[in-house]
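Read through the structures below before going on.
What follows is subunit A paired twice: with subunit B in the first complex and subunit C in the second.
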Partner chain A sequence: MLKRRRLLFSLLAILPVIAIFAFVRVYPISEILRLSLHKWDILSKKKPFIGLRNFQELLGDRLFHEALFNTSIIAFGVLLITIPLSLVIAALIFHRTRSRFAAFYETAVFIPHVVSLVPAAMAWKWIFDARLGPLNAFLSIFGVKPMSWLFDPVLSIICVIVLCSWQALGFAVLIYLVGFKSLPVSVYEAAKLDGASGRQSFWHLSVPMLKPITLYVSVVTLVSAFNVYAQVYVLASDAQGAPGRQVRVLVLDMLENSFRNYRVGYAASEAVVLLAIVLLLTFVQFSLLRDKRAPR
Partner chain B sequence: MSTEIEKHSREVGDRTFKARATNLGIDLFLGLFGLLMILPLVLLVANAFKTPQEMLSWPPTVIPAQPTLANIEAVLADTPLLRWIFNSFSFALLSAIAILITSTIAGYILAKFPSRAMSVLFAIILATAIVPFEVYMIPLYFQAQSMGLLNSVWGLLLGYLVMSFGIFLIRQNVIHSIPDELLEAARIDGAGEIWIFIRIVVPLLRGALGALFVLAFFQAWTAFAWPLIVATTKDSYTIEVGLALFQTGFTVDLGRLSAASAIVLVPSVALFVFLRRNFVQGVASTGLKE
Partner chain C sequence: MMKLLSRPQLSAFSISGRQLLLVSAAGLGLAATAVSAQEIRVWSGYPELAPFYQHVAEGMAAEYPDLKVTVEAIALREHEKRVALGVTSGEAAEVIELATTIAARYLEGGLLNTPPADVTAFVKDPANFGEFFVNSASYDGTVYGMPLFRGQSALYYNTDMFAAAGLTEPPKTMADFDAYAEKLTQRDASGAPTVTGWSMRLSGGGSGIAEKFAINMWQHGGELIAPAGEGLWKSNFASEAGTATMKQYLHNLFDTKTVTVESPADADAFERGQTAMFIRESWVIGDIATKAPDLKYATATLPRGSIVSPGQLYVKAGADKEAAAWAFVLATQKPENLLWLLDNVGWLPNRSGLDFSAILAAKPGFEAYVNYPASYEFFTVPAIGPIDEIQTRAAAFLVEAFAKPELATDDTALKAFLENADKEINAILDREGLLGQ
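And then the complex of A and B:
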């Protein structure tokens, strides 16, 4: 009797949440898979099933290739900057935990991660600006000629990488700090007794022991960088109000196909590619973790 | 013998001196690095109060020589900036409340009423957590459209009603901080399930709920792609969308852009510094997923 009442309570309580969850998560995810197999245009009435033809078209789509290429470069660029830098910064902050400035270090590194994307991107847009920006003014001290950072196809990707790394760094440092706090103190004391220097214990103790954290941070950083959009929208738009002409990324290409060209099914197939990339990265993370736990 | 001791004490002295010097070096480096990290934002806020001439000066001044409010007045006259801030604020607040409610209920039930169905449910929630929002926002857009919710805060809210990670976070907290015996004792005393949930479970989760609230609020506050497609009329823009579209305009100068950005940045940075503990706790717990 009592048990049945409890069961009834649990079902009644969770049912509305399940309904909402199904409506705003499970259903749209299944829809994106279904749409990707259909020729689903907003304008035409008929929306026939066409199998994998959307994906076949993606293979020959120059704009999609450009978007996929740019996005990958940005994602791995951000990874290459963020991971080593955040590991070092976190190690130094952890070393100075008892310093009275520790709270300032943590806050200063973390603020770029929480501020609104668009105002932050605007700050960088000004910094990179060819005529008004302080970057060119600064570089001219060393005799470097002014460059139009945001209008050159290669330089503008570098700008996006800098902006995204600046934002991603705080999150990575924070997670690494949690990692450092969980490492066993006794191992470090033993190493110190054996005469290991701080740098040695960093390389031979911290780095290997933090490998699972590094994997986790890498995957989170990569996944969020593959979804880059706002940063590109602000940085690489010109005065004519044509956002993203300079740097085409996956989300931008997807939204353009869906809402400017009205090709929703085709855009859905791009979303499926994005999903596949994310799943692959997560899978790599888990399999590397399992490798580590297996006996050597 | 005495020289041995002297030598030893000198070595120890050397070492502490060296350690102090290293620490000072590290402090210097970290302090400089921290300042560099916030410098772009500081300069942006400073630019908001500068005259057009001063904005071009090199090196850029942190404190304007002739502070002016002209930029801020101009941007408030040009754009419905306060309306956008209000939209963002209500969206973020409602989203945080919705996520708090759904996560608390689901997290508690999944933790304390185990059954095979609940395990399957939890697995589904975890699996969808991997899928980025950008992947399924197009179908979600058509759902909002068919419900007539476009260009309203309710349409924005549709995408941010639940948070897989929030459910996970609350479930972990219930498992760690609420013993079964406590619930059993309350039941023996004749307490109803709803009473137990509101009077015992929710107060015990205060810390986690605070962290989740801040996390959810900032997630909605900084959302970009979803508001960009859902809100397409000037009155329904969130601050992020409004600013992004405003900055592509022809006649917009740097002073106004900086002023608009500063109006958004200053309160959100202040709010963050104020809630820092909660936020750090929330984000840090995302790292403990495994």
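And then the complex of A and C:
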């Protein structure tokens, strides 16, 4: 009887959280799924069910393919830069914990994450400027010809990757630092007694023991990079005669289809594809990085 | 092709002015009785128009002391998004400014108010508006909006740079544009242009690139989206005019290199002396007066004619605010307000019967917009639902082409590229049941 009452109490206690979660997460996702199966024009009174026709159209939509390709390149580019770099930076900061500059190092790395995105992106836009930007000025010292960073189809994507990585790095370093601080000191001491160098300890102890942290950071980084929009909007925005090549990404394409072309159903089908990709990649990351020996 | 105003209509502005004033005063009088202690909002897609709407509101203060008008003017693309969300959610402003092409979707769905009889009569009165503007404000034969201003293009050229290059008059043909651009381009030691000869819209994104391309294509004798039967259309990139226009862009970009994608462009570049000539609407005159008052420039008509993009005011209001909203809309049509609009903002009013002589004397740049040759031909972007999607798609193709130097020399590749663009745009028209043969 007591057990049943405790179970009931637990269910009641968790109910508000479940209700909120269902309202802010499950309901919107189910609505997106529903919209994706309709010709849901925001201005039209008729919104007929059309089955998978939106998804069929996506298969032949060149702009969607371009957006998907660009977004994937940006997301994996950010992941490949952020994870190893943040791990190394966190290790360096952790091993300087006793330094009086430790707080400065942490703050300096974390600042890009808290700086408002728009002014930060504006600053990067200036850095990448083909005519007046300091990047080209710096490269010219080594005889490198000025490059059109924001106009070249490849370079403009690299610019977005650099900006997103710069922003993501601070958060990743912070999480890794927390991970480093929770590692058992005794293991390192034992390794040191066995003659392991600092580099060996890093590779053979820190990296494997930080796998759960790496999993978390990589999932967060990848999901957030797949949702890239504002960085692209500022670097190569939609303004008239804007000084930049528009890098088409998925969120931008969805916004255009929703509010400029009024095709909310079609945009919803893009969102479903994005959701499926992110879920699949998260599953793959879990499979690859989860510590299989850890107790369930 | 269409006619905006005939020459006699242009010269008859001052004759009909008094009559028009009476009509608008009568309209305002009717509405005045219904307006008290009201607040209405005006949504505009042109920040430079905010002072105009404020000016109109101030002019109403004596007659409507309890009417508060809030003007919210933001960038066009953001404006279009908020209208889409606002109208469908019932949170839109009472007075909304929209281009004919964008309004079409809202009117198809019956989402905007039908004006009262006096407003309809005012719009339909031939003394007030030419047929083109009445049609632009109508849907299915019913008037919905109040014609206000129009985007119309002309050439801006820097007279100092022309003189330095030995050029005494503006280009008269599209071939002239190429030759002039070469002469006007200033280069650094490496040959890269420091001042472009002819600023073309090459970057950014969105439909603007396609619209500017369409203006140049019109000079070559074609339309990007051409009529193909009753209410039907087709994409025309791979036509003779489309090919000639694309070749001209590629020639300037990759052969003579009078302009680059990275070059500063548009009105800002012109005002800073970074380009010698470019094609734009009349608002640039007001912009130059504010930002570069010492700039020596002139305007000229284009070789064949111009695009006309009319903008209207529509009302989306409940019964409690509708009268106040229409009163404001009618107040914009007072001749003194419309002249203020041209003089201070630079957008061309659509109403007939206005005497521009004082403004033209002070600002001769407007001549190219109002005193065009009798043979001047106008075109407009089709007012069909998916037009913005079509232009955005066309713009994506154009940006891609501007990054492919090989298209400048390989006619076969260019033909295939343009045909592919047509195919994609026609697929959109087909999806909407608008594709003709």
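Simple rule for what comes next: the second predicted complex is superposed on the first by the 251 of 296 C-alpha atoms of A that agree within 3 Å, B and C clash if a C-alpha of one lies under 4 Å from a C-alpha of the other, contacts with A are read in each partner's own complex, and residues count from 1 in each chain.
Criterion: contacts are C-beta pairs under 8 Å (C-beta built on N, C-alpha and C of every residue); 3 or more make two chains touch, one makes a residue touch a chain.
All of these numbers come straight from a predicted model, not from anything done at the bench.
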| item | value |
| --- | --- |
| Touched partner set for A:F94, first subunit B, second subunit C, both or neither | neither |
| Which superposed partner A:F259 touches (first subunit B, second subunit C, both, neither) | both |
| Winner by number of subunit A residues touched, once subunit B and subunit C are compared | B |
| Which of subunit B and subunit C A:F202 touches, first, second, both or neither | neither |
| Partner chain in contact with A:V251 - subunit B first, subunit C second, else both or neither | first |
| Subunit B versus subunit C as contact partner of A:L63, first or second or both or neither | second |
| First, second, both or neither for A:F55, with subunit B first and subunit C second | neither |
| First, second, both or neither for A:Y188, with subunit B first and subunit C second | neither |
| Which superposed partner A:P153 touches (first subunit B, second subunit C, both, neither) | second |
| Contact residues of subunit A, present in both the subunit B and the subunit C interface | 237, 239-243, 255, 258-259 |
| List of subunit A residues in touch with subunit C within their complex | 42-45, 60, 62-63, 66, 130-131, 148, 151-153, 236-246, 248, 255-256, 258-263 |
| Sites on subunit C touched by subunit A in the complex | 75, 77, 80-81, 84-85, 87-88, 105-106, 108-111, 201, 203-206, 208, 261-262, 264-266, 268-269, 385-386, 388-389, 392-393, 396, 399, 403, 424, 427 |
| Of subunit A, residues touching subunit B in the complex | 2, 5-7, 9-10, 13-14, 16-18, 20-21, 23-29, 31-32, 35, 89, 92-93, 95-96, 99, 101, 104-112, 114-120, 122-127, 132, 134, 137, 166, 169-171, 174-175, 177-179, 198, 212-213, 216-217, 223-224, 226-227, 229-230, 233-234, 237, 239-243, 251, 254-255, 258-259, 264, 267-268, 271-272, 274-275, 278-279, 282, 289 |
| Touching residues on subunit B, where the partner in the complex is subunit A | 22-23, 26-27, 29-31, 33-35, 37-38, 40-41, 43-44, 47, 55-56, 58-60, 102, 105-106, 109-110, 113, 118, 121, 124-125, 128, 130-140, 142-143, 158-159, 161-162, 164, 187, 193-194, 197, 218, 221-222, 224-225, 228-229, 239-240, 243-244, 247-250, 254, 257-258, 260-262, 264-265, 268-269, 272-273, 276, 279-280, 283-284, 286-290 |
